[in-house]
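To start, the structure itself, in structure tokens.
Per-chain residue numbering starts at 1, and chain names A, B, C and D are given in the order in which the chains are listed.
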Amino acid sequence: MHAEKVKHDFEPKIVAFVCTWCTYAGADLAGTSRMQYPSNVRVVKFPCTGRIDPVFILRAFQKGADGILVSGCHPGDCHYMAGNFHARRRFAAFRKLLEFVGVDLARLQFSWVSAAEGGKWVEVVTELTERIRAMGPLEEFKELELEECWSGKIDTPELQEAYKAIP
Amino acid sequence: MSRIGVFVCHCGENISRTVDVEKVAAAAARLSGVAYATDYKYMCSDPGQGLLKKAVAEHRLDGIVVAACSPRMHEKTFRNAAKSAGLNPFLCEMANIREHCSWVHEDREEATEKAISIVTMLVERVKKNRKLVPITVPITKRSLVIGGGIAGIQAALDIADAGHEVVLVEREPSIGGHMAQLSETFPTLDCSQCIMTPKMVDVANHPNIRLYTYSEIENVEGYIGNFQVTVRKKARSVDMDKCTGCGVCTAKCPQKKIPNSFDRDLGMRPAIYVPFPQAVPNTPVIDRANCTYFKTGKCGVCQKVCGPGAVDYEQQDELVVEPVGAIVVATGFELYDIGPKPAGSPYEGYGEFGYGTIPDVIDGLTFERLASASGPTGGKIVRPSDGKEPKQVVFIQCVGSRAREKGISYCSKICCMYTAKHTMLYHHKVHDGQAYVFFMDARTPGKNYDEFWRRSIEEEEAVYIRGMVSRLYQKGDKVVVMGSDVLVGVQVEIEADLVVLATAVQARTGADSLAQKLGISYDKYNFYSEAHAKLKPVECATAGIYLAGACQGPKDIPDTVSQASAAAAKVMTLFAKAELEREPIVAKVNERNCVACFYCKKVCPYGAVEEKEIRDRNGNLIRVVAYVNPGVCGGCGTCQATCPSKSVELDGYTDEQVIAMIDAL
Amino acid sequence: MTNTAQKLDTIPLVDSGYWSSVTEAIRTEAERLLSSGEVTAVIGYRAGRRSGTALPAIATSPEQARELVFSPGCVNNLALYLTKAKKDVAKKGKVAIVAKGCDLKALAGLMGESQLKREELVIIGVACAGVYGASADRSLPLSEETIARKCRECTVHAPEGVDLTAGSVPALPQLSPEEAEELARLEAMTPRERWAFWTEHFSRCVRCMACRQVCPFCYCEQCYCDRNRPQGVETSPRPAGNTAWHIVRGMHLAGRCAGCAECERACPMDIPLNLLNRKMAQELKELYGHEAGIAPKEKGPLAEYREDDDQSFIK
Amino acid sequence: MPKMITEQNLRALIDLLVKEGSRVVGPKAAGTMTLYEPLAAGEELVLTELPRRSAKEAFFPLCETILTYAKGEEGVQVNDIDPARFPETVLVAVRPCDAAAPGILDAVFSWDYDDQFYQERRKKTAIIGLACTKADDACFCTAVGLSPAETQGSDLFLTPLSGGGFRVEAVTEKGEKLLARYSQLFGEAGSAQPLPPAEPGGEKLELARIKAWLDANFESPLWQEIADRCAGCGACAFLCPACHCFDINDEGTEAKGARRKSWDACGFAKFTNHASGHNPRDAQNKRYRNRLMHKFKYYDDKFGKHLCTGCGRCVRACPVGIDIKAVLDEINSK
């Protein structure tokens, strides 16, 4: 029996920042194993989670991501020995900062997915996609992106229309 | 304006079945900076690569995106193609629309949309790619081999025979490893010692091999071609240069009742001892924990009787630093302890099998020592409890292996064969004895292996019972084996004189800590991980480190020797070049902006960051900045993420490249 | 009676003799250091044109040393003048610096980041009773009403590890921890409410960069947020870019910030920036036991790790 | 006969203007401070405090988009922002130091380049000034030739009356039109006396003397002395009613984005950084010198005006206590 494809009202943009050795390979494994998961996720590959700058997370939210996944090697498995340990602290701190500024942390998922965990990749991505789908779009950053200081605000409808076309 | 070429691969139907590749190519063609876009059946094929090369020339492309499989699969292929088309290979990127798209999504529309967006991101990335030139580093053409079992011996001899120096480090007082403990070997029943000892002697005599026994790896620094290895030579208490190996000390040692672990504690040895008669080197070592002199300060017999004055109670551990260019790890295995669950072990024990409490329940390696002509019983098979010859022996396979409920799910690979061998050896030595084997199934894929196994049943009369044993218990002087025969569907009870358990092969205790010193990865069972299960079975992901033997996973002797020679060949391949070329994915410091806070140095896992002084023409210090040694840098990029001003940048993963991808979302 | 409450608020925390004794001690030491040639400059404060104000001063002669003061208007963290951002001061040679307890933490942080060497510095520590808040009426003495928010929770009135301590710490009353209370108030909000709180503040930001320029730790030659290739953070003073800037700033200072709250004081738009820094400090203390102190640390909390660090947030 | 308006009617006037579709900008409570911001109703008007930022924003926004672009099927499409569509604006309760600023800035924005964005906004804005009756120790308008009762720059000028309400004075034609159009809200001033104007303290400055010194002292130890303290932020320039430097940035990607114009400050280290990497004002002393020279010499050389209205905002805001009045006093005394 083939399940009817469900169409959703809202398809979130999900970005995954992953390390090449573990999670990227794990996602490859999910592919070679022909596992199925929602197509919302876009993968940005890094050598190591240690390379992932918090700015990238912020930037992705600003540029329209509704949910973000950061994923790398399990502790002790880092190809570069300690990159993920540094990343773990960095993100432990950064998520607290985001939370304090008012970002709902349900939109930011961290995980360890090894090269052997194709199934876990699918599970993490699916779960995050479904969660964000239920939460709806990340309006805060999108609204902010369109906001102007009062003096630079464009009041006429035509200009506002033109303006909305800008990223 | 960039001139990017986009090549969308059908991968037969692997991609085109779910992704509308033509639509992807058409969408790519509309992207800003894309000069050419097309799709093709098999991009990795010769004509596919030809297409790419032709397009580079015809359309004056300055960047390439191949939308196909995972870069882990074919990035090298296409970068080489780009290179032969005259383009810097690092201007070529792959958009993974197979593993990350066509294979994981069913809806054609969604998959196509996703593929377009993946290609878009990669196009934006390639625009920001820079030409990179491979980095060359000198190679120290000496090799370290860790472990002196058959794997280490084979690798060391091969490398040394090729004319390169080898440093062989063995933890035990003698090389030889587990193979030296075996009686005979399957499937030919060669005497293990007969084929092993000549190789051990070759090692000792080889002019290119520096042998450190009773030694361990203390620390490893550096990188491929340039490792600095610190070896701890444990205090042997015997001066190796002076000792002649006459054996008087071991004969005179008053302390003689120490169980010999080489004989699986069946035989006894003195406190100053060589583990077995054919040991290499034939130099005794004092077991300080059991030596009366070291315990009480009294005795000193060995020193008194030693003619050359080789016994040295004051000897200290010594640290030696060896520069090497490559490392072969051949640390072997140990057997699963099937006693009650040991504290802290991730594995469940086999308390129900009474190991350790019922004396006549032994493991396979102990049986090897019993069957060995040079073993504690001189090759006579007797029961540990009373020395009687056992008339009924039950062999149980898969003890620990393939037992998910006990924590190990892998197959130990060698047990089927050695159990068959054991039944033969037993039958050869105890003609009126009967061997029973409880087994799940027999795994005999190997040259002459199945024939060998059949012979144990058909000619040597072993009775194979398909089923598992539930319990063992002592009844009088018998060990009752309760099991089931699943073929017949009955409960079986055998009153055995001796039970031999084919226990699982597992990684060495401490394998993980050695891995951490080496910077190599290991799996959840602590077996070392190869870089690729099929295509790089000998290499570690850490460049310059290779694997041989059972430290990577259970292996029999032929496989071990093959892998050891393969590892040696890899080392020789490395040493065949004058200099090493490495991928230029390394961090570089922008000295103009660096403010020398040295956070990069604090977080670098490789110690690749140095403090560099910038001086004026007169030699006056102007300022200090960070410098990344490209030979040492591993390319993780932790420095860049940490640097507040991004004055250090990882080539291949620059902020510009990453942000271009994010902005293309 | 409200009148009494009002009065309590405005009662001077210390008598005026305290300020003059600290001032005299600084002058004497600065004069000695400059006339002996031990240092080429003393970084301290002198009185401003407007009453009750003081400003950073770099005294290079004994005469100028006599002009140095210490008053409730000495709000600046002078550690700023020892960083690479202020190269011109560094060129003057070996210098002495007047430092309050909070400034000492910044000096320690800079030493940990290889920006300063203790042996190249003479530190005149100030036994500090507190300074004015940014909106204080400077015609009034230092009181519970006029004192800066950071000083209400000061734990380093008496400097340690300095070459000389100017003055002695007078008895000070316990003041309510306003900033901690404000932090708790924010923490109790929903994410949406906090987002509204911060984006309102950030929308007023004009990107004058005063917060960055007065921060002793923002000594980068090229600020990440000034870059345009790539532009990780928009430079235009729009609400989106402003928010990104303040988040990135908060992150770049996490584990480094010494808590001097200069960013907040310098902000012409009254953005409570120190709340961000304070929040991060609080989290890093909870997670990794890190606290900015007056002893230099080899590594900050985000430059080291433990294998058993908390990872409950990671799936 | 002079006119007057009650505070209530002033607020009603705002309500009326808003209702008629004008943008009314005036001092408004914003968190801990007052800022010139668009008023939704007359009751939002704050009359007691000098806004933290100047009123220049109404003509010269903090950040404005000047064009947007998007790359489509048919090449790049550019949408120019059309200044003709800027809203009619009334600036209410503008202090004399702020009201005087556009008069100074008109010169530069219509000099070698006609800045349509500025001019259009300027043309569409009417300014209702308000006399100051109190000053603080940072105020120094009188020292630079203005006064708390200066009407220059205003179209309509309000002076608080002792009994409440304001005396109203039409300064320009635009002001007279406003007065006529909303005559129902204005009454006769009668005998109510205006409150005395504020009296900012401090020494009077001889601007000609200062300029003469600047003409002769491009090199002076004074610049380094100030630069040693200057932290290099833009607080002074951004709060100043007369500072008008701006930067233009393209933000976005190759595919789409916007060109934005936003305030810049000469105190920033990278203010004059060239694409080549060369920076003619590579040290803070050169930057501070330029700030002062621009305000009291270059602008005077070119347009016969100085870029300072004595509002004192830079004095209040400078995080390191640099006091332009004190600097001018020092130069004045040389």
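As a convention for this text, a contact is a pair of C-beta atoms (placed from the backbone, for glycine too) under 8 Å apart; a residue touches a chain by one contact, two chains touch by 3 or more.
Note that the structure is predicted; figures quoted are calculated from it, not measured.
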Chain closest to the middle, measuring from C-alpha centroids that were averaged per chain: A
Whole-Å gap between the CA centroids of chain C and chain D: 31
Rounded Å distance between chain A and chain C, as computed from the means of their C-alpha atoms: 36
Whole-Å gap separating chain A and chain D, where each centre is the average of the chain's CA atoms: 44
Interface hub residues of chain B, defined as touching at least two other chains: 603, 642, 655, 659-660, 663
Chain D, residues touching no fewer than two other chains: 62-63, 253
Multi-partner residues of chain C (each touching 2 or more other chains): 224, 231-232, 237-238, 302-304
Graph class of chain-chain contacts, one of line, ring, star, complete, other: complete
Of all residues in chain A, those that touch chain C in their complex: 53-55, 58-59, 62, 75-76, 82, 85-86, 88-105, 109-112, 124, 140-141, 144-145, 147-149, 152
Residue ranges of chain D in contact with chain A within the complex: 23, 37-38, 57-58, 60-65, 68, 70, 79, 81-82, 85-87, 252-253, 256-258
Touch list for chain A against partner chain D, complex: 148-152, 154-156, 158-159, 162-163, 165-167
Chain B partner contacts - residues on chain A that touch it in the complex: 5, 13, 15, 20-21, 24-25, 27-28, 30-32, 34-37, 39, 42-48, 50-54, 56, 59-60, 63-65, 76-83, 86-87, 90, 116, 122, 167
Chain B-facing residues of chain D, complex: 71, 73, 253-255
